[in-house]
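What follows is subunit A paired twice: with subunit B in the first complex and subunit C in the second.
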Partner chain A sequence: MTILYTSLIVHIIAGLVGVISAFALLIGLLHRVPKIRSLKIWSVITFFSFILSWATGAYYYVLYYGKAVKPVILAGGAPWAHKIVMEAKEHVFLFIPFVAFVIMVGIFAAPDAILGDRPIKKSLAWLSAFVFVLGALIALAGVAISGAARQ
Partner chain B sequence: MNNRYKLLKSISLGSIVAIIAVTVITIVGELYAPFKDWLKGVFMHHWLGKSALAVIIFIFVSFVGNILFSREDNRAKWLLEALLYVALLATLFLMIFFFYHGRS
Partner chain C sequence: MSVYSLLIVAHIIGTILGVGGATFAEIFHVRAMRDGTITEEEGATLKICYTVLRIGLALLVLSGFSFLIYYRLTGQEELLYSEKLWAKMTIVFIIPINAILFQIRKIPTWLATAVSLTSWYTALILGIYHDVSHSYLEIIGLYIVAIFVVAFILHRINIHYALLREKKPETNKT
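And now, the complex of A and B:
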């Protein structure tokens, strides 16, 4: 149980760190002259946070959620929390690590384009906004699922 | 354009194809139970199967892209924009799909 709870806590914290760092990336990229060093740091934190959240979430989800949490939600007053929210959450989450990886490589590959305010900078900012908004929605979905399990 | 831009273009293409693949695999798995059972059988859990296939497809397409894209190719911005649109559409598509599928 201790490892399972630890994995759930790490999953949540790493996901939140990923969301916060994606927001920091977005703000950094919106500056007229961004600080490349801090963008690199935030992009690495964003990517590895979501990888950690992915791995620990997988451990908890595969070994515990399906057997112990999902039946409770389905038998409770809000089965939609699993059927709709969890099903959508677990699948759209898979997009985030790939987009975060592209942002990280983009920042390391194109510092000249970012400093020169060229179109790649704008594209990386939009991708950071996508990761931030989707990550925040997934965090809210996690709150809804936890609430349904406690009913 | 240098080798770093070539890598950026390759992994952007790899991510686009991986996201489309996850979306298709997920919907096929929900509508055709034997496919979801096959994922469970091979990867222990259907979600682990989707995760593993996404990573394998990403690596393969990125590798092929790295061979196909030339250093002079100037489509990095185009591929980043395509990734954004594909990720947005795939997210909306899966949310709408599970909204209707979860109610049935």
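And now, the complex of A and C:
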């Protein structure tokens, strides 16, 4: 049980760190002259946080959620929390680490183009905004799902 | 010290840094704009305020979600469906969205500063008062009204300084 709880805690905290660093990345990219070193650091933190959140979330989901939490939610007062919110969350969350990876590669591969305000800077900013907003919504979805376990 | 006490301390520190950062950012901004321009030194001071504010936001979010984990692990999941909690989370989510819109100049300064200041104070008030009996929509409605009240007050302060700025050359002449 301790490993399961640890995986749940790491899943949530690592996901939040990913969302916060995606926000820092976005603000950094919106500066007129971005600091490339900061962008590199934030992009690495974003990517690895989401990977960690992904792996620990999968561990918790496969070994515990499906057997112990899902039946409780489906039998409770808010079955939509699993049928709609969780189903959406687990699919959408799958591609966030990939997008975070693309951002990281873009920043490491094209620092001069970012400094030169080329279109790639805008594209990376859009991707960071996408990761930030989606990550934040997924965090809120997690709260709704956890709360439904008692509804 | 228990985990719960540590979370409370972290949450309070995050709120203090956020509310303090937002308040001083506004004070320094109004002060800097008294002569109509922001100097390099004033810009650097504002930057420090924004950094403090963002550290506060990160601490607030991390400790806030840690509370939710605590509720989940101690069998208090019903608290996660509190309307006050969802109103607070919505308002805290608006803070970074507002910062992004301000950064890309998609929101006027008067509205962005009012949203930032009101959001932080609303989060503080919601955190202090445990017995908030209002619904989600009522809290958000009051919050929107408060944004425009704060915007009006800030507008009056700016007009006051603009009038002083206009009077100043006349005083110098005499």
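As a working rule, the second predicted complex is superposed on the first by the 151 of 151 C-alpha atoms of A that agree within 3 Å, B and C clash if a C-alpha of one lies under 4 Å from a C-alpha of the other, contacts with A are read in each partner's own complex, and residues count from 1 in each chain.
Keep in mind that, in the parts below, contacts are C-beta pairs under 8 Å (C-beta built on N, C-alpha and C of every residue); 3 or more make two chains touch, one makes a residue touch a chain.
Predicted, not measured: the structure shown is a model, and the values here were computed from it.
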*Sticking to the clash and touch definitions up top, decide whether subunit B and subunit C on subunit A clash or fit.*
fit
*Is A:26 touching the first partner subunit B, the second partner subunit C, both, or neither of them?*
second
_On the A-aligned overlay, A:35 touches which partner chain: subunit B = first, subunit C = second, or both, or neither?_
neither
*Where does A:105 make contact in the superposed view: on subunit B (first), on subunit C (second), on both, or on neither?*
first
*Using centres of C-alpha atoms, tell me the angle at subunit A that subunit B and subunit C span after the overlay, to the nearest 10°.*
140
*What's the minimum Cα gap, in whole angstrom, linking subunit B and subunit C in the superposed view?*
18
_On subunit A, which stretch or stretches are contacted by subunit B in one complex as well as by subunit C in the other?_
none
*Sort out for me which residues of subunit A touch subunit C in the complex.*
5, 8-9, 12-13, 16-17, 19-20, 23-24, 26-27, 30, 78, 129, 132-133, 136, 139-140, 143-144, 146-151
*Which part of subunit A faces subunit B closely enough to touch in the complex?*
54, 58, 61-62, 66, 80, 83-84, 87-88, 90-92, 94-95, 98-99, 101-102, 105-106, 108-110, 119-120, 123-124, 126-127, 130, 134
*Can you list the subunit B residues touching subunit A in their complex?*
4-5, 7-8, 11-12, 14-15, 18-19, 22-23, 26, 44-45, 47-48, 50-51, 54, 58, 76-77, 80-81, 83-84, 87-88, 90-91, 94-95, 98-99, 101-103
*Where on subunit C is subunit A touching in the complex?*
54, 58, 61-62, 65-66, 68-69, 72-73, 75, 77-81, 89, 93, 96-97, 99-100, 103-104
